[in-house]
Structure formats: C-alpha cells, structure tokens
Amino acid sequence: MEFGLSDDQKLLENSFRRFTENKLPLERIREFANTKTGCNADIWNGLVELAATGVLIPEQYGGAGFKMLDALVILESLGRTVTPVPFTGSAIMAPVALLTGGTEAQKEEWLPQIAAGETKFGVGVTEIISTRDSKGVSLSGDTLNGNTMFVIDGGPADVYLIAAGPDNMAIVPRTAPGVTVTQLTTIDYTRMHCEVKLEGVKADLLGGKGKASEAIKKTIMAGRLALAADTLGAAEVMIYKAVEYAKERKQFERAIASYQAVKHMCAEMITELEPFRSLLWYAAYAYDEMPDEALINILLAKSGIDEAGKFIKRTATEVHGGMGFTDLMGLHYWYKRVSVNRALLGTPDILRNEAAIAQGWLAA
Amino acid sequence: MEFGLSDDQKLLENSFRRFTENKLPLERIREFANTKTGCNADIWNGLVELAATGVLIPEQYGGAGFKMLDALVILESLGRTVTPVPFTGSAIMAPVALLTGGTEAQKEEWLPQIAAGETKFGVGVTEIISTRDSKGVSLSGDTLNGNTMFVIDGGPADVYLIAAGPDNMAIVPRTAPGVTVTQLTTIDYTRMHCEVKLEGVKADLLGGKGKASEAIKKTIMAGRLALAADTLGAAEVMIYKAVEYAKERKQFERAIASYQAVKHMCAEMITELEPFRSLLWYAAYAYDEMPDEALINILLAKSGIDEAGKFIKRTATEVHGGMGFTDLMGLHYWYKRVSVNRALLGTPDILRNEAAIAQGWLAA
Amino acid sequence: MDLSYGPEYEDFRAELRAFIEKNQHKAPPAGMGMKHPEALEQDWQKLLIENGYTCRTIPKKYGGYGAEPDILKTVIIQEEFTKANVNSGLSGQGIGMLVPTLLENGNEEQREKYIRPTIYGEIHWCQGYSEPGAGSDLASLRTNARVEDDHFIINGQKIWTSGAHFADMCFILVRTEPDKPKHEGISYIMMDMKTPGIEVRPLVTMTGAAEFNETFLTDVKVPVENVVGKRGEGWKVANTTLKHERGMLGDPGQMLSRIESILKILQNEKLDGKRLIEHDMYRDRLIAAQAKTEALKFHSLRLLSHTLKNEEPGVSRLIVKYYGTTLARELSDIALEALGELGQLYMGSPHVRSHGSWQWRNMFDLGLIIGGGTSQIQKNIISERGLGMPREPKLAETK
Amino acid sequence: MDLSYGPEYEDFRAELRAFIEKNQHKAPPAGMGMKHPEALEQDWQKLLIENGYTCRTIPKKYGGYGAEPDILKTVIIQEEFTKANVNSGLSGQGIGMLVPTLLENGNEEQREKYIRPTIYGEIHWCQGYSEPGAGSDLASLRTNARVEDDHFIINGQKIWTSGAHFADMCFILVRTEPDKPKHEGISYIMMDMKTPGIEVRPLVTMTGAAEFNETFLTDVKVPVENVVGKRGEGWKVANTTLKHERGMLGDPGQMLSRIESILKILQNEKLDGKRLIEHDMYRDRLIAAQAKTEALKFHSLRLLSHTLKNEEPGVSRLIVKYYGTTLARELSDIALEALGELGQLYMGSPHVRSHGSWQWRNMFDLGLIIGGGTSQIQKNIISERGLGMPREPKLAETK
C-alpha cells in the first residue's frame, strides 16, 4: 500500500520545479504574458529536452511512455509558475486522442512530431460539453463545417483536433483551406485559446468515420485532469505567497501574519485545497489503472479544485492587501490562470451535473 | 421624509419588549416549551390586555386598528423572547384573511373573538405554496376533503382557516364533524403547528365560493412578514447574547471578545442582519401603503432574513462554545425558532423562485 | 414611516428636473473622468454652481453657492442626475477632501487662494496619503520633510495617488517631527505637482489598466506656509475630513443598475439552448443578491433619516462599507459565472461581452474590498465601535 | 501509487471476513452504547481480543493480544467491521485513553490492576478534563486537590463527562500545586466513581438528549497512589495520550454512508411532484459535498501511507479535523434543507423522516465543531503548526 507519489515521481517533480522556477522569475512571466502568444519557445524547447512533451507518448513513437499521474506531476509544476506553453492541448489532450482513437498511420504521423515538440496541437471539444456562442463542427459526407470555441491551446497550435459531434474527431492543419483561426483573449495572457471556423474542410478523421467516441471522452477527461493539476499548482503557490507576504508585511508594529484574521484566512485556504490533491492523485491513477472509477473522480476532482481555486485566488489576493491588486507582485497572473482554468472544459456546475448523470442519479 | 419607526411605534416597541422580557426569563421559556402546547395562557392574556391580539383588527370589530408595521414591532418583540403564543396564526394571518375576504357576517362573528383572545385560529395554506406529503384540501360541492400540513399555530387553535385550492378558504371549527387534528412536533417546542385532515366537512367558505383568492394571497404575505419579524427579533438577540458572552468568557487570560476571530464572527452576523431590518420595515409599510410593491419586497425580505438567520443561529452558537450546545444557557430555543421560521410558508429558495415569477423573469 | 419629501422638496425636485431637461445638451458625458477638467467640464461646473446643484454649501465668498446644508436636497440632486444619466459636476479629491479640510482647518489666505479655482476645476488635486509600507496603518508613514529656508524639503514615496499624472496640486501627509509619537509627528501639506523632484509613475493593477500612480519625492521644496493646520497636527487635520467623507450611505443606485444588467444577460444568453434565467442556480443567486441590494437601498434611506434627525445610527452605519463592497463583488461574480467561459474573455477579444467590463469590475471590486481599509479592518471597526467589543490588546514588548 | 495491500494483508483480511461471517450472530448490535458493557458485550469483546481483532497491541500480560503495531491490519479490521456493520468491540475513553496512558506513564502495579478489567469491559471509565471555565484553555482548570492522610481531597466541577452516570472510574485532571505556573500544577488521578462526594447530573444539550454530564466533586477522597505519573506532571501525562488519540484520520466511511442516505432522500422525496434530485440546487449541493467527501477519503489513505513510512505529513494531517467536522455538518444540512419544512420535524412527530435523526445529527455536528477544540482553535493550529505563522503574541500586562 502506498498512496502518494513514488520516489521517481518525486524526482520528476523536483526537476520540473527547478526547471520552471529557474526559467520563470516574475519579470519573465510578465514579459512572456505581454506577448500574448501562448507559447514561449525557450521554455517549450526546454520541455522538449526534458522529454515532457512526450510524457504520455509510448517510446515506440518517440515519447517517454509515462502515465497520467507522472504527467500531472509535470502539469502541477507548470501551474506553479503559470508557465506560458500549450502543454495541456499538445502534450496531454492530443496524445490521448491519438492514442485512444487514431489509426496506426495517424499515430505514426503525429505522435513523434508532438513528442519532439515540432508540431503543436490545439484541441476543440467545447461544444461536446456545452454550447453558448457556437454550435460546434459537423460532418457531412467527408466535409467539415461549423465553428468551435475555446480550442484548448489553439493560439500557438499548428494542427487542430476538433470534435465533430460525439463520434467524430478531425485532424485539421491550421493551414488547410477553409480554416479560419481567431484568437480569443481571456484575462490569462499566459495561454492562448482560439475559435476555429471550418468551411468545407476535407476531413481526416481520427480512426475513421464514427470511430472517435471513446477518444473524445478520454481527451476531455485528460484535459480536465490537466487543468485541475495546473490550478492545484497555481493555487498552492498563491497560498504560500500569501503566508510569506503576511510574515514580512508589518502594520501596527506587527507582522500581519500574527493577526488571527489573516492566520485563519490562510488556514482556510490550505484546508480547502489539500484534500483535493489526494483526490486528484487518485483520479489520475484511476485514469490508467481503474478506468471504471476515472470519470466520476475526475469530475469531482476538477470541480472541487476549481471551487477551492476560486476561494484561494480571492483570499490570497486579500491577504496581500493593496499589493495583491497591483502588478508589482504579479500575483494576478496566478489569479487569472486559476480563474480561466475553472471555466474551461466545463464550469464546476456543469461538471457536477455530469457527475450526477454518470452516477445514474438522473436521466442523461 | 422619515424612514423608520415613528415615536408611537417606538413606544409600542418599548412596552412590548418590557412585557416579554418581564414575563419570559429563561426558566419560564424552558418550562413553557416543555409543555409543547404552543400557547401559554398567562402570556396570551397579557397580550389580550395590551390589545395585541387585535392589533390589525379595526376598532369596529373590537381591535386596535393598527397597521402591519405596528404589528411587526410587536412580532419582533415576541421573537426576541421566543414567546410561546400562536400570534402569527391567530393575530396576523387570520385577521388578514377575514378582513380581506370575509363577508360582513363572518367578520362580525370572528374578529371580535380574535381581538378578545377568546378564539384562537390556525391557518392552513402550505399546499398553496408547495406540496410534499400532502395534497391539500379540495372542495367538491360544499364539502371539504383532504389534508393540509403545517397549519400555522394550529396546535392550540380553536378554529381553522384552510385554503381549498387557490380560490377558496374554509372556516372550520376544530370540533366540527370530520375534522382530525394531528400535532406536528418540530424542534421548536415554543410554537405548535399541526396537520388537519378533513373528511366530508361542510364548508363555511370565506366570502363565498371562489371568492378567497385575494384573501389567500394576502394571508400568505402577512404570514411571511410575521415569520420574518419573529426571526429578526430572535436573531438579533442571538447576536447580542454572543457579544455579551464573549465579553465575559475568558480563555487564556483574555475575554474571548478580544480575539479577532470572535470579533469578526460578531461583525459578520450584525452586517448580514441589519440591512434586512430596513427592508422588512419597507415591506410592511408597502403592505399597507403601496400594495404593488409589497409582494416582491416581502419575498426578498423573508428569504434574506431567513438566510441571515441561518448564519446567525450557527455562528452565535459557535461563539458560545460548549455552553451554546448545552441547555444551560437556553440559546437553542432561539436557534430552533429561527430554524423553523425559515422553513415555514416557503423556504428561501421557494421564495426566490416566486420572486422571479412575480417580476416576470420566468413563466409562472 | 413617511416616504414623501414634502412640498418644498418636491418643488425643488421639479425645478431641478426642468433645469436638467433644459440644459443637459451642454453637459459633458457622465462618468468618472480620468483626466484634467477642460473647458466643457469647467463651464458645466460653473452653471451647476450658479444654480446651486453642486458645491451648494461652500460659502459664496469662496466661489460656492452658499446655501445652508440640506441633506434632502443633496439626495434629490444625486437622485435626479443619476436618473437622467447626466453629468453631475466635478468630483475628485480636491472638491471632496481638500476643500472641506481648508474650510475646517485652513487659514483665510489658503481658503481664498485655493477653494475657488478648485471647485471651478482649474486646480485639480491628488491625494498623497498611503505609502508602500503604510496602508491600514497609515500613521506609520515615513515620507519626511525637514525645514530649510522657510521650505519643507520632502523625501519619500507615495502610492495609490490616482490622477497624480494630471494633477496640479497634491495634499500630502508627511512626517515633519520624527522624534514625536507616530500620530503626532505628521503634517498636512499642499504641494505643487510641478515642483522639481516629483516623479509620477503609473501603477499598473491586475486589471491591466493604470488606475493609480506611485509618486516618488526627492528633495521636493514646498513653502512652509503651505501647511494646513499646525505643523505636527496633520493626523488630526486629515481625520476631521475623513469624518465628512461621502459615500458612507453606500451606492445602492449603482448596484440596482448592475442587477438590471445581469438580468439582461440571464435573459438573453443561452447555455445548451436554454436561457440562463431558466437555469435555477444562476437565477436563485441573482435574486439572493437582489434581496441584499434592496435591503441596502432601504438601509440607506434609514441612515438618511437618522442624519436628518441628527441621530447617531451606530452599528447600522458602520456595516455599510463592508456590506456594500462585498455585495458589489458578488454581483460582478454572478455575471461572470453565468457567462461561463465567455465570462473569462477580456477587452478586445472576439465574443467578449460588455467589452470585458464584468471582469474589470470584478477585479476592481476586489481592489475596493482591499482598498481604503480592508474588510478585516472594517470588521474590526464594526465589532469595536459598533458592538463595543475590545480593541486588539496591546502587545508585550518583544526582544 | 500502489493501492494493493499485498498478500499477507489480503490473507489477514480473508481470515477476518471468515471470522465475522462465522461469529457475527454472537455480536451485540453495532453502534455507540451509552451504557455499561453487559455480559453480551463482554463476551464478544473477549472473543475479539483472543483473535486479535481488538486491543491488538496491548501486551498479553495485561490481557491484550500482544501483537506488534501494524497500522494496515488496524485499518483492515476497521474496514471489515464497518462494511459488515458488525460491532467491532468496546470503545470508550477507558480503552482509548486511560489504557495507553497507563502503558506509557503508569507504574507496574497500576497497569496490572486496571488494564485487564478495562479492556474486558469490567471497569468502565469516564474522563474528567473540561470544566465550565476551562474549555479551549484546559490548563486553566480549577478543580483542586489537597493532600490529607495519604489521600487527595478533591473539590470542584467537571463538565462534558460523558457516561459518568454509569462509569466505574474516572481519570481526572486536578490542580494539586496551586502555587506553580498553570501547566505545572496539575495531576492526573484515577478516581473511583463510588467515592462519596461525587454527584453526577445529566447535562441536557440542544438536541434534547443528555449526551453528557456535569460532575460535582465535594471533598472526594482518593488514595495518593492513584496518581498516574508524578504529582504535578498531569499536563504532560494527559498530553502524551492526546498525541495518540485516534480519529485523526477523519471518518470518511461514515460520511460516505451519509451521502448514500441523502441520495435516497433526494431520490424518494418529492417537492411539487418533482423528485428532489431533479431540483438542480439540491443535487448540485450534494455533489459538491460528495466531492469533498471523496477527497477526504483519499486524503485519509494518503495520511495512512505517511504513517506507514513514519513520515510527518505536517499540514495535511492538521486540517483533517476542521475539514471533517465542517463537511459532516454540511451533509446533515443538505438533508435538512432538501426536506424543507419536513426537515424541521423532530423525534416522535408524525411525518418525521428518519426519526428526526438528521436534525439530531445537525445539532450534534455543531457540537462537534465546537467541542474538543473549536474550529477557531483548529485554524490557529493549522496556521501556526502547519503554515509556520506566528502564535498569538503575548499581551502587555494590563491594570
């Protein structure tokens, strides 16, 4: 019995934390965010060197062949420094889609390019979850039409994986005729998502026509795990930044960390977050080892972490007082990352509704 | 321009506060609650002497002919000491029903008895608001059948006013053939509600057949105002009890009132409650003076006070620590009064839904 | 309970309405101007003062309208300009804080020199109170001034100086007697912003905008006659004005209009083909917030009534800031949450709603919860002054 | 991550299951008994001890099973008895607190005299720690004992002494050296409840039941040899045991079964003809609480893993009590709110659901939030020990 990270995973964690902390002092985060490109080449290349872009890709396709929990260890590190790279779309969701639903030829074509970091993927599944401004993409014959919003990490992507209804997923190069990409700017400038519009685009369908249902489901699951891990890392850093700031900041001749109100705010933050780290670990483990338990635990983990994140982003900012509101300490980059992650791939109430359906509490 | 209680209303408030505080030291509240009768004769007679039972009844029927805001001043005082009397049912809801919808003969028969405190009314409108265990009473020909739950103050009542669908309300003596009264015991032993079952009971209909629609609506509005005022009084007392206890109780050589956590709990309680006092005053004023504005403001006032009450009942108990959990300080009588008031005549979510409909935000 | 204002006031209201009706074409657009007043604003201000619709109680000899204080008329003026959505004249810290301070603590020369041009928008002021190390504990401020040749020589740094980049003057708190206890060594000084040694840098906030500035002061020379009140009494001078600070009644009008805007969002936007208003959870949350907003609205009337009768409303008044700022943020939060992922879009993005103003609002609301006394400080005040609970006890000396 | 327990433990689990299967007809009903153990409980306890399913690590010579500590086996035992809903043996403060205290701080004579009859249910103990004036600040207790003729003469009052009315013995903290600093003047004494001068009165709580007692002590004579550890070291003695206190892992099993019960309510009860589960708000709230419960479940596994590896999990462990008690009350609250006015009915009323146990639970849950260190104290501990924030500073002397 061992519930927790293995020694190897702890090493992995250490090396990625060191990498991101070295690469991303606040002034560089600020500088990268201002470019609004969603991908910093320097960091991306570093991740390629560390084999992170191929973390989920089997060795035969040039990857590291690790499991989801390993990937989450990396993702949490990336979240801790609000790292400006399209990791969730390209290194998590796209490989899961290709591995679950791709033909051998599709895997051989794309997976090595992903692992090598040469090709970046954006993944469009928003309308499978819920619709607001867009109806999603539909397939008629072998032609794709429609638009999809919030394509994950679609800003800097070269190729898109786009769901066309619940059973089809298309591989669409950004430069293909009929493709229009529109950047969507959220408050989080460190990652860039987009809208993709397809007009009469010829479909290269993942696994063939009507074969992508499982791939879409697993891609969404993987994406949710990734966003939750990113928030977990970002939110935990916010708590510790608040604690450190409170210890240094003095008002009325006392460190504000000695005021009970501030102490209790910090205690509440860590209490809200910490148990969800355990649930997220389990959900990631279940993703590989106990598929029957994965769906529900992922839904509960992301919704719970999103709620904790919302409380923490606000409370940690409050502990920082006026400094938290300014750009001087840059705390807002974390605030915004947590905020946007919460809304992507299903807001908490949508996830909880899915959880009710998944448990048979409600008709679908 | 004067927003607030008039000098006369302040006198009224003073005299009722003095009356209830004198009559109801903790040991008497405990003693009365243990009887579970929902009406203490001594207090009831005192209220009759003070003309409170006829507060809303015009002078021509033996009452004081006051307005709803005056009545709320009395109700708040009763709530402050969790007074064990059927005031809401008998002195508020029943007179409103009779005055709004009764024939002259009905008014002349019942209002003087109510004002004199000789006859106590219970009022059954639960199923007009929502249904759970009961379907409500229905009228067929001139016969009443069915059952109604949570008849307000029905425990000690002599006569019932019972809605039979949205347009009819029947006046039913407890002793009439076919009437079965079953006491419902909530956690609040100071007031007693009941279930009334009618089997083939001959109807004396308020105002005649199909004439009670307006009376039912106003009766519910008045009942909600009354419960909200009761909670307001009870909750405010809980706050001040918590503040007083915190000033006296010492732990670690300091009054616990000097700990920031305790101070902030008290600050949050009063902040949640106090603005709703203003809204409740306005709603009561609107009830008489600006009928168009009454419905929505009553819905918002009761739901808001219920929510504040829920927070306060818990937080004030926490401030009292272990003592709050015991019967020694009796704080739980207030806790339970607030708790039950919240659930009667529409829980907050039901009231808010009604508010959406009343404002035309939703189809009914 | 009497919600009518009486005939005198209804007449006043009617006149005001006619005035607005007739003159509104001359008014500059409503809204908080983050720039120095120009001719259009100045002319409009002049017209308003002449008719007694702003600076009502400032004496005629200093350029005001010279009326007796009448809070009901003030409220009516506020109500009518808000309702008509017409610019109600200049605001800002010069008119709001410096002028009352001069009236109460300035000398005759200072009043004559500064009040008229301030209320006519010729001199625009900024406030130099907070410092990076002195926020909630303002009296611990360290910007200092020594005296040389009848001048203060000021050194230090101020923060949150909104409008400093276009202000003509700054009223500033500086430590002039470093050896005295912290509340007794402070002076209140009027400083010309064109004096050499002042550097204003924009202070970017989480919203991405620079709503405020940092102001760095290096050997800034200010004539000693620019001190208001006595030297070393600046803390008292600043606090007499803080007492008068407006806005203590909350701003339910603004919140009611937010409710309207959110309602429109819920009625117009759809999630999975169903209007948001039909989703129980968003609707329920909006109505819960509406209840609090209506409560605040009538609570403000109640406080107004206390003011009219010169009653001290105690805790009822003290809760308003904490209640109002928390409620304001809850409102912007409802809008954002109902919009889901669309709510995360920001200024300039395709598909963004209301130009991203809900996100801006939500972040700025958080700033307001923090600013001018955090919620923690507010709760201290409510419990201590409102409920009579003990102040934070004095600590034992350590090390 | 490895969630299997390995073959040794799976064998152990299989044996235990077979044991339960075979013997459960002998077991008294599960659940916390608010009475003195009788023959049925005592026989079952004996069978469990002989098989090593309770009192596992208590040495054989004192009547225990004498096994090495093995937390996984402890967990398996707990899991299997819970799953089978079979009585898992006696619990209570004698077995849970007095016995470990004697093992660590008692002398040989005390161990031999008390441990065996305690674990076999012949001596039932109650705890005399809290006092009306000493709750969170337990060390300020004032019940005192002077020594006369080789006896302590105890006077004072204890509260929250659950089971005192049927207990044979009480382990009690009393002040024996009034002149010493507050933590150094306390002794830990074993007191026979039949001694003259002890009056036990039921302490009625808000639930209406008397789950606890008050115990009044007037010149109660206890032999001096009944002190555990040294005189004046009672604070240390009590604290070494508190360290071992069980339940630090939270009780996710009980909460998971609450979720099941609430789900049944939502599925079976209707509001306006629509099943409660179809009302978005109740369902959403239950699932939010389910997420927290599942999180606590896996969090407990994580803490267990730390324990197995002798790692100090720091803040992760410190949050459990605050998280768990808050969550428990949220769960009973969901049940009550979903039931609307029916949720307010109480024991014995017609139409009441689950015999009013949700209301009882909800009030008792509030008691648990308050008891044994309020949430406020828990948050102090989390921030100080878990996050390294400063302790409440020492105050200056007043008056």
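For reference, chains read A, B, C and D in written order, and residue numbers begin at 1 within each chain.
As a working rule, contacts are C-beta pairs under 8 Å (C-beta built on N, C-alpha and C of every residue); 3 or more make two chains touch, one makes a residue touch a chain.
What you are looking at is a predicted structure, and each value in this text was computed from that prediction instead of being measured.
Novice: Using mean Cα positions as chain centres, tell me which chain lies farthest from chain B.
Specialist: Most remote chain from chain B, centroid-wise, comes out as A.
Novice: Determine which of the two chain pairs, B-D or A-D, is joined by the larger number of C-beta pairs in contact.
Specialist: Answer by contact count: A-D.
Novice: Could you give the separation in Å between the centres of chain A and chain C, each centre being the mean of its C-alpha atoms?
Specialist: Averaging C-alpha atoms per chain gives centres 40 Å apart.
Novice: Quick check: how many Å separate the C-alpha centres of chain A and chain B?
Specialist: From the centre of chain A to the centre of chain B is 52 Å.
Novice: Please list all residues of chain A that touch 2 or more other chains.
Specialist: Each of 254, 259-262, 264, 349 in chain A touches at least two other chains.
Novice: Can you list every residue of chain D that touches 2 or more other chains, as numbers and ranges?
Specialist: Within chain D, residues 280-281, 284, 376, 379, 392-393, 395 contact more than one other chain.
Novice: Considering the complex alone, what residue numbers of chain C touch chain D?
Specialist: Residue list for chain C touching chain D: 279-281, 284, 393-398.
Novice: Report the residues of chain B in contact with chain A in the complex, numbered from low to high.
Specialist: 259-261, 264
Novice: Mind pulling up the chain B residues that touch chain D in the complex?
Specialist: 126, 130-133, 149-150, 182-188, 195, 250-254, 259, 261-262, 314, 317-318, 321-328, 331-332, 335-336, 339-340, 343-344, 347, 349-350
Novice: If you look only at chain D, which of its residues touch chain A in the complex?
Specialist: Within the complex, chain D contacts chain A at residues 1-6, 9, 72, 263, 266-267, 277-278, 280, 283-284, 287-288, 290-292, 294-296, 298-299, 301-302, 304-306, 308-309, 315-316, 319, 322-323, 376, 378-380, 382-384, 386-393.
Novice: Where on chain B is chain C touching in the complex?
Specialist: 1-6, 69, 243, 246-247, 254-255, 257-258, 260, 262-264, 266-268, 270-271, 274-279, 281-282, 285, 297, 300-301, 303-304, 307, 348-349, 352-353, 355-356, 361-362
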